[in-house]
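Several structures are given next for inspection.
Same chain, two partners: chain A is paired with chain B first, then with chain C.
Entry: the complex of A and B
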């Protein structure tokens, strides 16, 4: 607590408080609006923020049920939102597990071993990380088009290809895990080595059990990253059934077929779990992000 | 040297490892041979090189450390480095929707072209009995002559049927199908060719007729194609990537050839591309720069407020303020796309109620750019806030004490203490943020898709397009997909990103030296 306080502190606190409340209201406006829109009937309905007549039409459609409207016509769900969500979760879980597998051993070597090219490798991986996949979309498209001729489940329009194309994104994770490994004292591993443990055994039985928290953070980080990935998925996936959420959601706001209400329900339904995961893990993620970034 | 406790186990593990390496290598060799045989030399080479390095790393004791790194390096090499190199490679070709295939495949396409050769024409009737079908063909010139095929079933693949001469009163089994059903089956019928007893090959030429067909081209010497119809000659032109006839006219489809620096010169000299390219490049810089500036200003201000001790309940604000960062970007951007909609959007409704205006957010160039910056600031400030909060904690409290004694106001504190203290560690992060926004494809593609369109452009280009979204539209847009040109522009962006990466490295290094 500061010792010297200005005289008009009370007014300043209130000014700050009012400003923050106004700002939070502004930030929350889109979210509240989208919830409100999802509860209106029809796709062009307008109204106040708190809807007068609550209709579950869009929610039923988003969950994959038919909806009988007031005049008796039956509306069928336009898009398979739940299978999009399932596709996204499937791709993200598989990708994150593989990325974890690839980056953990790499981080161990970078943290504990001395070898040639170590610094050079780390730095060049860092530079390469700045080239986003969106720049190489043509190459991705062609590569998987050709690969599909030899291995059908890795061709265009498959989830296998999508998972594979994400495996290049290991650098940030290696940095995070490496930083954590370096913060663990290696006395335990050294004593194990004296007892005859190979480096692999020391890694597997000593370091790995100690690093579960950072592994969880990396998993969640890459999970969120993959779920939100749009460019590569939009090029590699084509069938409506195979799309991920990020690619599919766009279909709702097609100018020729504008489904604002349906989109609202789908957005709340799918955005909420991801947001909750993020907020729960937020504390760890934030420290990971900032430490990784500052060291970067 | 110490032996592991269970030597026999270690030995069997060793044996297992060799078996595994051998197995993987044999599988890889099979794939490499297959790829090489099909002419995919680049892929075969990449797998060969990476496979051999892998084998060496996992069998040689010298490379022990690299065994741990190789899997992650493999990911980076195959899915970051290789695509980058491959993109540069495509930039020197005319690979596009009109020149998609290899020359060999295009030759096959031409050789498979057919034309109706003979004067003989047959009307046909299709009979169905259960799953089996039968075709009856009646000579148009001589109605008494008719053929019938054996019973067959429709499959997806091309099939050849033999037909026998019929006695005049003989009728095939089953129901004669009306034209409507024949139309439904026309694609399957087109895959059928009928062999008459005289050895003529007949295929469907119209919805009511079968006729004799012959290949349009035959192979001549020197890779030429000679027309069976009129004897004209097609020659492959490896400059243009097309087969060319005697008059110099190109015949579609074209094939992919290397065209040197043409794509790059087009970007720099073709007025229909160079003009929009410059406009888009400038907007990309403005967009990325302003995004960083706005998010930084808002983020820093909020971080200062939230960390201000007299404000007791700041924890609540913090959760709400981070929310835009927690919601997946593709959802928030699409929400804004709906909210900003000119006719049904809630934002225009509020503006209409308050001021009686309905701005055209998507069709007016300036407003579209404003909207993008508003949305991007909304999305991006929490990241800056989080970063600034971390950095602000590191500033010693007594600096502010001292300035308070000297009677400084908050603005003085900000200018003379806060900003100078955090700007140094913040610089690399700001550069990274600039690089991120420079390539923020999702934002542009989902919010405006580049629109409103620029008028004087030969390629699809919009006023809000940034370089990456422009590249994307050239490559995957709805009109004339030009992969070569897109890759050339991507190649130019590589240079710019490389420049930014270098600046970032320098900033980081100077930070670490302190």
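Entry: the complex of A and C
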């Protein structure tokens, strides 16, 4: 702590602070804008950051209440925003959990077992990941269209189909978790084996508890990815009450009539589950879980 | 409590292309403490992992307590292993670490508590039972690792360089502690180390392994009691490996064979009388003469002496190490003398070679029996 510092350090620290403050402002500005738009009466995208007269009109409509406007007419909510929110949360939680399950077990196999074509599989997963899912939209549409004839809950316009198409995202996570597993000393599982643990028990009782930080990261990342996903969801889902929030909020933006206020309220709602998930998962994002087990 | 028997054990990778271990035959008796030593790459850790069941056995047979265990998984072999890296479960307390295996085996809570407390008492870990590994020192962690195997009541303890991560003073302390634990439990133990002092002080029996040479029959060089290996190395490899500093070797040839004493001439011309039985050789055979650094007599004169020039001197107070250069020396030559006088680099130094301290090896590295080696029990 008592390191000798150059004399101009004070100014440099202040410069760094100013830069960071400016940076935070830059990030916060769009967010504040959208909150401001959602609280403005009428549907205007432009205006001052702090609205002159605050109106809860858009929020009431988004949360499913009727709104009595100043001239006495009653406006009913046009869209089921809350069920969109519920759809989004449902699809995201199910997808992220499945991704976690598949990528953890897959990564364990890739990190610890020796089998034929292992390197080839890993590399092809990496390469396939490089093509965006959007490229396969047409394929997704036809596949699920046909699939629906045999398994109705995996057909077009179902959340099952959406979850299944998102599961393609496991590949990057397999790489991520595999890297983490490989940083854990193999001797831990060997000594578990000597203690009488089966490979599954060693995985469940030793490796998994030590990997909680990376599992939390994978869960959060896939949750954020899924809840904001637009292209695939917009093609697979058709009924208004089945839409996710990301696709649904687009409904407010009709070509002739951009309902900016309602759109903004819906957009802020999308951020809500992400915040909740992040705050919950944060306490698992601790480093240094493995320290002390083996000589570093 | 069990004996371990290794019969013609081989280990190879790539379908027999690269052999690491070949033809290992070894009997470890019940209650014995056996140390595997050898330079790095000799396969000593691999051999230990084969006994443990973490590496499969390419060919040959392994018996623990008269039953063949080649195809048994580690836990069925009833062995306990202590890793160099400790391999403690970092998310569990000391108590949970030790109880983990017992819980998996569905022992009742009373047995688990009893065994954990017993082990903690033996290892003086009682005050630390609720700590996590990261809150402990290296020595304490290593004791927990030992405790984790003790509670399993294994037939054989396996140690894979358990002390090499500790600092010097702690290593000496843990060495004595290991000796005490083995005295208490009397369980058969196999110990891998590259530190020959650990091997010499702890083991009843030392197994010297060498990196497998091209076309060699086996890389098991010698098995024996520590002092037997020190005084009667079977070959040049063991002679050079056991003892610190290393034995010095001189090139030469036999000029007179005999069953009690022999005479050899070094490549530099000196004639040395040695107490070795060379009756199986003939005059003119190439040999290596070995002499331990502490056996040579400093500043001698007359017969049985070798003169060289001083390369460097290390003065340590009560003793000095003198590095010599001379035409017949293989590799390097160091002497230990019991004074710390100033000696100039480049000056001549004559050392006396007592005939009864000489080791003699033929051109294949096999030793000629020493006829007047000191007695030991």
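Simple rule for what comes next: the second predicted complex is superposed on the first by the 236 of 296 C-alpha atoms of A that agree within 3 Å, B and C clash if a C-alpha of one lies under 4 Å from a C-alpha of the other, contacts with A are read in each partner's own complex, and residues count from 1 in each chain.
The rule we apply is simple: a residue touches a chain if its C-beta (ideal position, glycine included) is under 8 Å from a C-beta of that chain, and two chains touch if they have at least 3 such contacts.
Keep in mind it's a predicted model, so treat the numbers as computed, not measured.
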| item | value |
| --- | --- |
| Which of chain B and chain C A:192 touches, first, second, both or neither | second |
| First (chain B), second (chain C), both or neither touched by A:183 | neither |
| Contacts of A:23 with chain B and chain C, given as first, second, both or neither | first |
| Touched partner set for A:250, first chain B, second chain C, both or neither | first |
| Chain B versus chain C as contact partner of A:209, first or second or both or neither | second |
| Touched partner set for A:108, first chain B, second chain C, both or neither | first |
| Residues of chain A touched, compared between chain B and chain C (which is higher) | B |
| Partner chain in contact with A:69 - chain B first, chain C second, else both or neither | neither |
| Shared contact residues on chain A - chain B and chain C | 196, 289-290, 293-294 |
| Residue ranges of chain A in contact with chain C within the complex | 185, 187-188, 190-197, 201, 205-206, 209-210, 288-295 |
| Partner chain A, residues of chain C touching it in the complex | 52-54, 73-75, 79-81, 83-91, 100-101, 104-105, 132-136, 138, 141, 145, 148-149, 152, 165 |
| Interface residues, chain B side, partner chain A - complex | 2-5, 31, 34-35, 38, 40, 43, 64-66, 68-69, 71-76, 78-84, 86-87, 90, 95, 302, 305-306, 308-311, 313, 317, 319-332, 334-339, 341, 344, 346, 349, 378, 386-387, 390, 397, 400-401, 404-405, 425, 428-429, 432, 435, 439, 441-442, 445-446, 468, 471-472, 475-476, 483, 486-487, 490, 493-494, 497-498, 500-501, 504-505, 508 |
| Chain A residues touching chain B - in the complex, by the definition given at the top | 1-4, 6, 9, 12-13, 16-17, 19-20, 23-24, 27-28, 30-31, 33-34, 37, 44, 46, 99, 101-103, 105-106, 108-110, 113-115, 121, 123, 125-143, 146-147, 149-150, 164-171, 174, 196, 198-199, 224, 227-228, 230-231, 234-235, 245-246, 249-250, 252-253, 258, 260, 263-264, 267, 270-271, 274-275, 278-279, 282, 286, 289-290, 293-294, 296 |
